[in-house]
Amino acid sequence: MTPSVAGADAALVRPRKHLADYVETVLPKVVLGPTLLCGLIFVYGFILWTAWLSFTESRILPRYDFAGLVQYVALFANDRWWIALKNLGIFGGLFILFCLAIGLLLAILLDQRIRAEGFLRSIYLYPMALSFIVTGTAWRWILNPGLGFEHLVRQLGFEHFTFDWIVTPGMSIYAVVIAGAWQSTGFVMALFLAGLRGIDDSIIKAAQVDGAGPVRIYASIIIPSLRPVFFSSLIILGHIAIKSFDLVMALTGGGPGFSSDLPATFMYTFAFNRNQIGLGAASAMMMLMTVVAIIVPMIYSETRRRG
Amino acid sequence: MAEPYRTQAVGPHLVARAAVYTLLILFALYYLMPLFVMITTSLKSLDDIRSGNLVALPRAVSLDAWVKAWGSACTGVFCGGLKGNFMNSVSFVVPAVVISTLIGAFNGYVLTMWRFKGSDALFTLLLIGCFIPFQVVLLPMAQTLGWLGIANSIPGLIFVHVVYGLAFTTLFFRNFYVTVPSELTKAARIDGAGFFTIFWRIILPLSPPIIVVCVIWQFTQIWNDFLFGVVFSSGQRQPITVALNNLVNTTTGVKEYNVDMAAAIIAALPTLFVYVVAGKYFLRGLTAGAVKG
Amino acid sequence: MGSLSIRNVVKRFGPVQVLKGINIEAQDGEFLILVGPSGCGKSTLLNMIAGLDTITSGEIAIGGRIVNDLSPKDRDIAMVFQSYALYPNMSVRDNISFGLKIRKVPKEKQDEIVARVAKTLQMEPLLDRMPSQLSGGQRQRVAMGRALARDPMLFLFDEPLSNLDAKLRVEMRTEIKLLHERLKATIVYVTHDQIEAMTLGDRIAVMKDGEVRQLASPQEVYDNPADLFVASFIGSPSMNFIRSPVVAENGTIGVQLHEGAERFVFRAPPGLEASLRSWAGKEVIMGIRPEQITDRSPWSGENPHVVSRAAKVEVVQPTGPDTLALIHLNDTPVTCRVHPESAPHPGENMSLMFDLSKLVFFDPQTEKRIS
């Protein structure tokens, strides 16, 4: 151990570093290690693996000889893939739009110092606690032509009312929008509400003193200052939209036929049901690239702006 | 009592508030409607369903659909109801939640109190992993699970959910521990406490709020998951979400909507229960996850 | 042995040199203050003494042992933080005995130490409370109690009073001073408040931009500041700085001043005449403290170095015990301290006494004091 020194004139002694101290500098890295390894292998490594598969002619079993872009060519020659992409655009766009609009509206309404605000908030938010499968199942029943909403309205007297989107090839994707928006709006509302509450009161008071009316205040001051919230919501909703799989499987099964297919259901079907691993891998890579292409620039530009 | 003086007319003000409340209530009804429909439909007999309509109350309340959903409905080839799958879910959700929360806590602790060169960069890399669409890891993971001998098994599902839940749990704990003053760790180090002592005696006792948020979030995510369940398990090993989907999608025989609804509610009960009991923590989890980076 | 030895200590963060070579030797039982504006490096230096930050080059020795490679717990130090850093989930008693528990001190000894510390700091009724139930001043005392319980060779204080309100700060200052006198411990104390530095320290190290500008007793730093920065930093209201040319007149050396239209010369103090002679014809910066410019008093006639002049007072600021009067010399604002009763109205002239014996002069280029 370290020898102690007696007397002010003793030569200054240099004690040795303890083993325990070395351990303490290494320990943090050891603790973080497994997680980082997981990330390295099971995220980044697997992405590379799937990428490789997408460049091979794998069908039921994986093959690892390089075959160029053959799967990507096949992918974009596949009608069903184009339908999936189109549906993603429709679904994604409408889903995000409705969630943002209704979420903002609900947040603004709730912000008006409402009684039972907490109670109402928990009603709008509870769908987020449900699995998309449960949501899909419930809405599948509600949108059931013949026994669901259509039947109800007809019973109320509107005998020629039709609402059979769920079994109509061209409209099935819109049914998915309805169910999806129902589930996720509450979340957006919660984010906007938190954003509204974070706005500095004194700015609003200054505007009131300046003579601005409530609509003006909302339009010119409050909504613009919610920009970061719009932004986070956009990223999260976009993410949910691109990954949407559960909801479609439960609500329409991708059907009728494959009219409500989305890239996620396409990938599952081809990789696991149709024994086309290479094609499935290619579609998965396309999904990844979509996410990267949209989300990364958004994050980059917003962090740049906030500088 | 004298009326307080108002500078604006009371009239339009009242109208505006009435409009606000009306809208809010209408929306509330819109959100509650599916739940109402699920419950009432599950309590009706098939005749009742056919002769009535979506929102009508059951003529005679019957729990037959529930009994069937739990014990004898067909989820594919097997016709034993959802109870087996419910147990499956419980048996992998609980360990996965516990393990991922524990590791996340340690990670968050290291990333805030024992920073080293590059630890922040590593955190960012980890975070990016939150964003990937899981489709892109399904094929390799299926292969890997097979190699490890845990394909189509509960341990396999635990493994998958832990691996892909680590990024979120680490994020939660890291964002929480960042608010703990670093001087606390400094004082403890001077007092002689080491890495584990500081975590156990000082950091962990401060953590219950975030532990609750993390557990609720993970529980909800993992219980409600479908993708990993449908890809990495089959038959009787499947989680309840997959079994529900199978049950609802069977094309043989008469469609028993009441059983479908009962089954859906059974699948939703645990997470709904957690939501009702600990809703505000659920909300905190959502907003914490959204305030990334 | 309680001495602290800091030799040629340098600290670099990447390309930035935060500490440029610090040399300080503290004696046993000394109360050493590190004072300076934020960013001067004082907290970094304290962290390096504690072992919470690494040393880029140089040596730090505590009690004769070089501690560069030792972890904080092995350096025989205790630290009191600005934010108190009390363990929130432990009672006051457990906070104080935490370190003892870790070092496996037997329970009876622990209790004995806690009782002794509680008595010294008059905290006995607080022992079973939780930190959240304590006021700021009480928390600070617990933090000090935790340090005392360790009975270390060196106490480190990192701006411990900055979070307290002004009144409490003055009370705690007295307590800390009493504690030092009683314990005769070696203390290194970091603060940005020059009043704390002056009232508490045996010696003050005034720091700026990673360097020690002056290390001396409070009075020495006050009367003979090493450079312009130290002179301006210590003392409130700050010393007045007046640019003026050095002139030789009738065999004596002085500085040329004007107030309004009047021109006059202030004679240099006897000790500085020789040094200032070489500055004749050039400009220096003259420093005079506000309390050296006062109103007429019955005794002023006795001091040969006190000169009387009239000046126009522009602004008047009463502080209670005295009133600050602003005049202009060489077109520079100069603050004077006068009795409230003698203070004129703004715009009026006033007869002032200038004590020239304490004048200091600085080289305008190097900013160092001319001695």
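Labels A, B and C are assigned to the chains in the order they are written; within every chain, residues are numbered from 1.
Here is the rule we use: contacts are C-beta pairs under 8 Å (C-beta built on N, C-alpha and C of every residue); 3 or more make two chains touch, one makes a residue touch a chain.
Keep in mind that this is a model prediction, so the values were computed, not measured.
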item: Of all other chains, the one whose Cα centre sits farthest from subunit B; value: C
item: Two chains joined by the most C-beta pairs in contact, as defined above; value: A-B
item: Euclidean distance of C-alpha centroids - subunit B vs subunit C, Å; value: 58
item: Separation of subunit A from subunit B, taking each centre as the mean of its C-alpha atoms, in whole Å; value: 14
item: Subunit C: positions in contact with at least two other chains; value: 71
item: Sites on subunit A at which at least two other chains make contact; value: 20, 24
item: Subunit A partner contacts - residues on subunit B that touch it in the complex; value: 17, 20-21, 23-24, 27-28, 30-35, 37-38, 41, 49-50, 53-55, 103, 106-107, 109-111, 114-116, 119, 122, 125-126, 129, 131-141, 143, 163-164, 166-167, 170, 194-195, 220, 223-227, 230-231, 241, 244-245, 248-249, 257, 260-261, 263-265, 267-268, 271-272, 274-275, 279, 282-283, 286-287, 290-293
item: Subunit B-touching residues of subunit A, taken from the complex the two chains share; value: 20, 24-25, 27-29, 31-32, 34-36, 38-39, 42-47, 49-50, 53, 62, 102, 105-106, 109-110, 112, 114, 120, 122-142, 144, 147-149, 151-152, 155, 182, 186-187, 190-191, 194, 232-233, 236, 239, 242-243, 245-246, 249-250, 253, 263-264, 267-268, 271-272, 277, 280-281, 283-285, 287-288, 291, 295, 299, 303
item: Residues on subunit B engaged by subunit C in the complex (per definition of touch); value: 181, 183-184, 186-193, 197, 201-202, 205-206
item: Of subunit C, residues touching subunit B in the complex; value: 50, 52, 71-73, 77-79, 81-83, 85, 87-89, 98-99, 102-103, 146, 150
